[in-house]
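Everything below concerns the one structure shown next.
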Amino acid sequence: MEAFKFIQMKTIIHSLDPRTKLLLAIIYSILAIIFEEIFILFFVFLSLFPFILAGQLFKKWIKSIRGMTFLFLLLIIFNTLFSTFSKSISMILRIMIMVSSFSLFFLTVHPDDLMLSLLSLKVPYNIAFSFSLSFRFVPTIAIEAQNIIDAQKSRGYEMEQGGLISQAKNLIPLLIPLIVCSMKRAFHIAEALDSRAFGSTKNRTYYYSISYTKKDWLITVILIIFFIFGIIVKIFPDLLPNWFYWRFPV
Amino acid sequence: MNLIKFEDFSFKYDQAQDFVLKDIKLNIESGKFILLCGITGSGKTSLVRAMNGLIPQFYHGEIKGDVFVKGKNTKNVPTSTLSRDVGLVFQNPENQLIAMNVEREIAFGPENIGIPWDEMDSRIKECIKITDIEHLRKKAPFEISGGEQQRVAIASILALQPEIIIFDEPTSLLDPKSAIQILNLLKKILLEKKISTIIVIEHRLDIVLPLADEVILIDKGRIIEHGEAHYVINGEKFLNSGVNIPKCVSVFQKLMNQNIFTGKLPISIEETKNLINSIK
Amino acid sequence: MEKKLENLQILVNHLTYHYPDGTIALKGINLNIYSGEIVGIMGKNGAGKSTLIKTFNGLLKPTTGTVYIENDEVNNVLMSKLTRKVGIVFQNPDLQLFANTVEDEIKFSLKNLNFSKTELENQIYLTLEKFKLKKFQNRTPFTLSGGEKKRLAIASIMCRNPEIIVFDEPTIGQDAEGVEFIKNLIKEKHAEGKTIIIVTHDIEFAIDNIPRTILMADGLIVADGPTNKILSQDQILNIGSLISPQLIKLSKFLIDLKLKVPEDVYIKENMVQFLGSYFKDKMGITEGGKP
């Protein structure tokens, strides 16, 4: 979760409009999906670095990538077994691109601005609001989950034991209190929202607003050109030198 | 003026067996600091829910009688609209802070009722000033202490400029000094006429009684006593109600039982001191 | 019991604890708790109270320093052994209730204690009786009232019969009856020779029921002594964000009046007696009547 936790900073990337960063995440993800050539993916991946560095996010980004080592190992093993080693490498690159571009988004967009950008994309207010609300409560629920584990352990509950089924059974003493507490919390939140005039008028006003600046337009244009270039390459593969299409022999 | 009026109001939650509020007749007037007390399960929380329309709009059930908030029947007007007249602050600030920073938190209410930006900005500034949280303005709710969270919750309700604010055990999770500070803040807000009436549910009677103008005592869903603080405290019903009686009250009650003391029971340390002085 | 070395039950030496996110919660705690003591832990939220008690039953392992529970160093024993010796009752019962019935809830707490079937049944029966939960035996815990849930949560620790009992804010939101219940439970467990530790903000409860109080601030113990002394010194009160209990304030006032006040007048009964005779004296009241 650390890799997606917003921290207020003053860098050029943080000051960009959330929509620009959302566009970036979407374009990079599309590119990651349509290509499977290792070199192309690698260059796409490299082109993310200026953003990561400008946002002073290198350490956090490394953390999020490191957190996925296990997943990568699994991918290599299974893909190589059932397909080819090259496939497994491109799969890893794809995931790295998507995770990096989205963590760039979540690390630099204030969760409340997230709501504003969803609104500007014509997402209904209720949906956009519940989205930002769920962000707000992630740390709260994480603390609660830890408290539940502590409370049960203090009654002699032992977590690590037995096979898959008994382990699933073993989760019940944790899951039920978590669900009960979360439901109670949801009720309290709903009450609190009602008590603060939530939904009392359709003509809601906003204290904060997001706006596209020159920086945003510049980056948007670059991203779109980059994207169009990617699409052209996909349609006319001959445009790139042959070595771009090199793959591992296995 | 009557701000809130209960006319023989009774309420039973869906699926519950008994009525939780029974034949409530109550007038809440302006300019008062009102303490609402009663033991666990006596119906305090339900009573305040009925004051801003959460009962019957959010919590459904069987109703008898009516509740009027500034003349509006709570059956017909949604809670979100009533919230402009009645603000409700809950026990656990963690569950009522919904934004990622304090400023946005305070803006939330005014945004919901469509206040123009300039007025919103001045309201936010004013609320931040009254509750003394300028230094927290850009902080996230989980970066600040419980007492600070409760101040933010108060500011965010004040921003709606309701005439009545109800506090449901606002200090139970706080340390004693923070609790006193919060209660004194409420009194200050009342005296500066930022708000017309304050109703507080509070278990720590020792620190809230000295501030209270009126006390409402509720037991098994019925209001069994309502009046000026001294009047209620001196009544049998209060002393036998099972609420946490402050020590200075119970000391003098004992003295009274031993026929050593006659007169009004003191509701604060200050009054106790005066009483002892007067005997000297 | 006397404060002798052989009665030492919890020994904390230079204990520090750093959370994985880098927060330093304990900065060098030294503490002795003797068998049969009732000890209060006070201090602001974030002072390190919860962190400290969690090292007693193995929920947290010391970063540096040592914690001995009886003769076991917490780093060297299994948590299951520690939780058997140290029972922590947390504040919010909703954090732990999950079973289908009240009886199952108790059974769950006894699961890993190697009881025989008859012992198990016996223990469940005794616990339900003792905590007045017998009539709810086959009911789901979720339909209990707040007070009943609290009793069940306490019962689910007490049935394990720990030598050391830790209460985390036991009186929050409790009315007079709830407070009385906790008070009697503590008295009873004290009489059985158990060691009791109470984390609390409740000064009025502390002054009546807790002889010794430790004040924590910013990861350190800043005061340790008789509760009435701790709660009457302004400097200490400021550090802990505390206030004096009413009768301590009153006894200070009486001292300022140059009255000969007995030292333990902050106890309600003594205050009644003192003021009683003072009033009689001043007003010339004779026994049992008005002037």
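Think of it as A, B and C in the order they're written, each chain with its own count starting at 1.
Here is the rule we go by: a residue touches a chain if its C-beta (ideal position, glycine included) is under 8 Å from a C-beta of that chain, and two chains touch if they have at least 3 such contacts.
Values in this document were obtained by computation on a predicted structure and should not be read as measured data.
A complete topology is adopted by the chain contact network, contact being made between every pair of chains. When the interfaces B-C and A-C are ranked by how many C-beta pairs touch across them, B-C comes first. Our note on geometry: chain A versus chain C, Cα centroid distance of 44 Å, whole angstroms. Chain centres here are Cα means. That of chain B falls 29 Å from that of chain C. Counting partner chains per residue, chain C has no residue touching two or more of them. Remark: chain B residues 49, 52, 54, 57-58, 78-81, 83-84, 87-88, 90, 92, 94-101, 103-104, 107-117, 120-121, 124, 138, 141-142, 156-157, 160 touch chain A in the complex.
Against chain C, the residues of chain A that register as touching in their complex are 144, 147-148, 150-158, 172-173, 175-177, 180-181, 184. Touching chain B in their complex are the following residues of chain C: 44-46, 145-147, 172-179, 201, 203-204, 237, 240-243, 245-247, 249-250, 253-254, 257, 268, 271-272, 275-276, 279-280, 282-283, 285, 288-290. By the touch criterion stated above, chain C contacts chain A in their complex at residues 54, 57, 59, 79-80, 83-84, 87-88, 90, 92, 94-98, 108-113, 142, 156-157, 160.
Residue ranges on chain B touching chain C, taken from their complex, read 39-41, 91, 145-146, 169, 172-178, 180, 203, 206-207, 242-248, 250-251, 254-255, 258-262, 269, 272-273, 276, 279-280.
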